[in-house]
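As structure tokens, here come the structures.
In the two assemblies presented below, subunit A is common to both, partnered first by subunit B and then by subunit C.
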Partner chain A sequence: MRVTLTVRPREKPFLPIEAETIVPRNFLDGTDTTVWRGNRELPLDAVFSVSVEGNAETAAEVEVVMRGDTALIKRVGEYMDAGRIVVEGDIGMHCGNFMSGGTIEIGGNADGWLGREMRGGSIICRGDAADYCASGYRGDKKGMTGGVVEVFGSVGDFAAEHLAGGTVIVHGSAGDMAGAEMHGGTLIIYGDCTRPCANMTGGTAFVHGTAYDMLPTFRRVGTIRREGRTFIQFTGDIANRGKGNLFVGDCRYMD
Partner chain B sequence: MSELLIRNACVIDPINGIDGETMDIAIRDGRIVEDVNDSTAEVVDAGGALTLPGGIDSHTHICGTKVNFGRYMSPEDMRAGRTPRMGRMHATSGYSVPTTYGTSYRYSAMGYTTLLEGAMAPLEARHTHEEFLYTPLQDTLANTLFDGNWAVMEAVRDGDTKRVAAIIGWTLSAVKGFAVKLTNPGGTEAWGWGKNVSCIRDPVPYFEVTPAEMIQTIVRANELLHLPHSVHLHCNNLGTPGNYSCTIGSLGLIPDLNDRRQTLYATHVQFHAYGGSGWDDFCSRSEPIARFVNMRPQIVIDMGQVMFGKTTTMTADGPMEFNLYRLHHNKWSNHDVELETASGIIPVLYRRKNLVNSVMWAIGLELALLTENPWQCLLTTDNPNGAPFVRYPEIIGLLMSKRYRDAEFATVHPETGHRVPLPAIEREMDWHEIAVMTRSGQAKALGVLEIGKGHLGVGAEADVAIYPIRIDEVDPSVEYQKVVDAFRCTDYTIKRGRIVSRRGECLVDGNNTTVWVRPKISDSYDMVRDEEFVRKFDRYYTVRMSNYPVQEEYLRRNLWRRNLCIETEAEL
Partner chain C sequence: MIVKDVVCPFCGCLCDDVEVTVEDDRVVAVDNACTLGTSKFLGDHRLPGPIRRDGNGWKDISYDEAIRYAVDMLLDAERPLLYGWSSTHGEAQCVGVHMAELVRGVIDNTTSVCHGPSILAIQEVGHPGCTLGVVKNRADLIIYWGCNPIDAHPRHLSRYTRYADGFFLENAFRDRTVIVVDVRKTETANIADEFVQIRPGGDYAVLSALRAIVRGKTDTIPRSVSGVPREQLLRIARRCKEAKFGAFYFGQGITMTRGKYKNVRNAIELVDELNRHTKFTISAMRGHYNVYGSNEVNTWMTGYPFGIDFARGIAFYNPGETTAIDVLARRECDACLIVASDPAAHFPRPCVEHLAEIPVVQIDPYANATTAFCNVQIPVAVTGIDAAGTAYRMDGVPLRIRKVIESGYPSDEEILSRMYAMIQEVRSE
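On to the complex of A and B.
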């Protein structure tokens, strides 16, 4: 079954829409659901023109396609457990919160908190992702625990913060504090970043480019070769008795 | 004139000697009266359900700077207890440190109508009073901290009890406080020097007074002021193995000075009843403490029960919280309140699988069960330090059922049995004892019977809680789950004659009262006229003395909200 949601032109397009109901499983019972704009609950077809092709027995057989100006549609795929969501353009904040299975594919950019506290499944973002990509949430000590987030562009600050399991792959560069408070899982950054893995206690992180403002509380172990490249291996963050592994292609300390 | 008639109430009112009698309660204009006009009064049919005076919490942390710090350092706690706006109810959030409305609604659903904030720093009193305004369904009172007060410590050092009383009297009136609280006396000042005091005989740096001297002098000063409540003490050395001897030493300092109530209220004694010389041989010493209390009517304690799960600890005891931080390595906050006290906050998780936590859980229950007179050991968790107050119903169940305790005991750390006397205690508390431990005992200990709290006699404030349980049909020893469920949510909570909560839904905006004291002190002991006091105040405080008092406007958001000042005749 394929559900296509095309955003209708909105009078005030800068008002975000809370759309945690857009999850494949919910469409097994039809498309009679609602979303919120501010304190106003709206029927789904007031915001989207909805078309459905085919039918499905299980959530895994449902594909949701989102078209049009989706940049301010928030919480799409929250608690998603199976199926597939394809966003042709950009997507708003908190896409894939707590997701445990299935796939989300984003053709454009993702706003903040993409795949926050994710438990399983996979998210692919062809553009950039903003801050707190694949991170935990305010105050909590455990972030993403499973699954894969792959971003082909760059990500903002605090990517993979509190990472506890699963894999985060960034093909571009990451901002400040990538992998902060990490205690498990794998973080791979193909570009550069600044101050990676502050307060890390476990897990593994690779920075193929240069780690700027490298933290002095990581102890240099030696060098290794991987995928035909040489990495400098560090362990830390020893400021927090950490035993994480950080591999960087190159690093610069702060002056 | 508004009239309300509660019919067929199965009343337990320990103050008036009523124990499970089915009767009607008549209410007019917020007070209990002999009778009302049956044909015009609003009628509530209790249907034989258990009916008690409104619950009173005599030690809880709900309002003020440190509570708020707990809120903003734990955004994850805010996520834990969210409820949407509904009818008259605002949206709420938070579990161990809820928003003020969250606190008020949840207490109201449990039948509580009066709350005493356990620790208000005088300098930060405005914040506490502002949050009281938004705790609309309970009357509020504030313990005021004097544990590290420079002027008080100097007067104690000089042996001048009357001057101590004068300073306390002026400060209580100025900050609209209700009672004197000592949190780790001397220790909070020592913490300003990076130190602590280990027990009552350690001198405080610079001031060269000991906690023992402070406790003894301030207890006498409290009686000179004729305050409704006694001194409210959080003993030195909280949370360390072997601290029970320090606790007994502190309680042993207290003479019997008042025939209407206790002379000392020792709070959250669970945290002060530890044996052993370290964490390896950590064990319960509830027995010697309970025995000590049993022999001394001048002491009242509260449990400070620990329940397993997540919570936030917050206290004026800064050095203790720093030690906890060193144990847990989690986030932490510490404050110094200039010239007065300190504070610290950290989140904690009490785990069944942890031996120390299991022993702590047992000690609170033991204190309640081993203290023979329920008027001397009141039910608290030192909310939220031992557990959030929403766990009270489970504690009531545990106190009433040996079977429930045994079932829980089977799930704690297996070593616990060697460290605590709990499994051997057979006592099961009855409904009357629970009523004492959750309202009447509190009213007597706080000295608020006179203003009509904690009982249902004619003239009392019409604060009533009707719980959906029939005491003639339920055997709490076996059907403890029914007891727990009943105490979680009242059928009706009535506050000053109005139904404020019905099956957990709060129906009105509420108009609570802040109760505070103003001792009448002669001009010769008026601190405003005392040159030395004024000079040092202006020299050391960062606020001017004229800006320090909390104006009465802070206690009143609108005209119908009362603030009740209890005036006392001080012997000064």
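On to the complex of A and C.
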């Protein structure tokens, strides 16, 4: 089954839409659902023009395609457990919150908290992702615990904060403090970043480019070869237990 | 008439030993207050009554008309923002939270642009804090990190730290050690025993290095960390461990610079580590006199201290999404009520530009930069001068703020209560 949601023009285009109901499983029972625009609850078809093709018996057989100005549609794919969501353009905050299965593919950029506290499944973002990509919620000790988030552009600050499991792959660069407080899982950054893995207690991170303002509390262990490249291996963060592994192509300290 | 033991409603110190001389319901002299507090008590040029924008000018309107305008504005909005709150009393803040819930708006206070990151850090790792009285009587080591109390909290040093004798410190100036950490040599640094100059943005690295040293892992620390020599770091760590009681005060030098709440978290974890060796506490140098109160009121009423979104009828909190700067910069809100604050003077340009495009009502005694962007302004009494109420000191101690004169202006609480009653009436229909 393929559900196509095309955003209708809005009188107040900057009002965010909260649409955690856009999850493949929900469309097994039809499209009679609601979304929120500011403090108003509206039927789905007041915000989207909806078309459905084919049938499905399980959520895994449902594909949701989102078109139009989707940049301010928040919480799409929240608690998703199966199926597929394809966003042709940009997507708003909290896409894929707590998802445990299925796939979300974003053609454009993703706003903050992409894949927040994700447990399984996969998210592919062809553009950039903003701050807190694959991170935890405020005050939580655990962020993402499973699944894969792959961003082909760059990510903002605090990517993979509190990472506890799963894999985060960033093909571009990361902002400040990627992998902060991480205690499990794998973070791979193909570009540069600043202050990676601050206060990490476990897990593994690779920075193929340069780690700027490298923290002084990572102990240099030696070098390794991986994927035809030489990495400097550190353990840290020794400001605490320091059992994480950080591999960087190059690094610069703030002397 | 001289009114004694007046509480100063300026900064988070809430100095409660101020003497105010009143003649004909006017404050004519102030003793014991700092220059900041004195200028607030002697403030003049209040707005005489409510005003409404009329073309390129203003016209006087009644309180009833102004309140009706504000109520209609909030009821019509799909995403109203209610911002400010830190310079008014707790009772008014309570009404504000009730009102935000009823109109399903976003309510935020000035915490989100000052010590919001401190609260985020506290939510992650807790807060080993204490009252100012404990510091005054016990602390033999004071650290001021990223703050300049001589300019921002002038009496903090004379009432609680550098110059304040305490129960266990007979000669504070001799017995207390004061360390100042900052990116530039401030006035406070001039009266410190040791000044640590950090490169801008280097606080996190220095805090991490200190944590590692306190844990005994000194071998990894390089010769210099963010401009601070290794020898100085070792000395600071030793001084902290050897202190009988240490107090760490921090300001926006770490909350509003790169890393934000991670800097504060690192500072708290340093203090946690030091508590394995001695007694150490950490507290924020809160700015507005009742910003701590707005966090308290919001937390006991909603579970969250600031940046609360009631759009769905329940409280949702996510600083960076539900905080005033973000809501304005993203042009989300379609109406704004500002209480006891001046965002136009402090917020980034895109936020102020959005304020200029939406209906705005300001409740404030004085004309200020935000006046230029509002449609209606409602003048009120100043808490601590012509209105009484409750405020929380920077260490979380609630104090009753007294009223020293009668002015005839309604208080924030009175105006907000009238608005709330009208909104309740409409909602119940």
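List of remarks:
The criterion applied here is as follows: the second predicted complex is superposed on the first by the 255 of 255 C-alpha atoms of A that agree within 3 Å, B and C clash if a C-alpha of one lies under 4 Å from a C-alpha of the other, contacts with A are read in each partner's own complex, and residues count from 1 in each chain.
Going forward, a residue touches a chain if its C-beta (ideal position, glycine included) is under 8 Å from a C-beta of that chain, and two chains touch if they have at least 3 such contacts.
Given the structure is predicted, the values throughout are model-derived calculations rather than measurements.
Once subunit A is used to superpose the two complexes, subunit B occupies space that clashes with subunit C.
In the superposed pair of complexes, A:R138 makes contact with subunit B and with subunit C alike. Of the two partner chains placed around the shared chain by superposition, subunit C is the only one that A:D213 touches, whereas subunit B remains out of contact.
In the superposition on chain A, A:L15 makes contact with subunit C only, while subunit B stays out of contact range. Greater residue coverage of subunit A by touch, when subunit B is weighed against subunit C, goes to C.
Among the candidate segments 189-197, 225-233 or 459-467, the part of subunit B whose C-alpha atoms clash with subunit C in the superposed model is 189-197. On subunit A, the surface patch touched by subunit B in one complex and by subunit C in the other comprises residues 137-139, 141, 240. Per the touch definition, subunit A reaches subunit C in the complex via residues 12, 14-16, 18, 36-40, 93, 112-113, 131-132, 137-139, 141, 176-177, 180, 195, 198-199, 213, 215-219, 237-240, 242, 253-255. For subunit C in complex with subunit A, the touching residues are 77-79, 103-105, 120, 123-124, 199, 201-202, 204-205, 207-209, 211-212, 215, 217, 220-227, 258-259, 262, 265-266, 269, 310-312, 317-321, 330-332, 334. By the touch criterion given at the top, residues 73-79, 329-330 of subunit B touch subunit A in their complex. Here subunit A touches subunit B in the complex through residues 137-141, 240, going by the rule given at the top.
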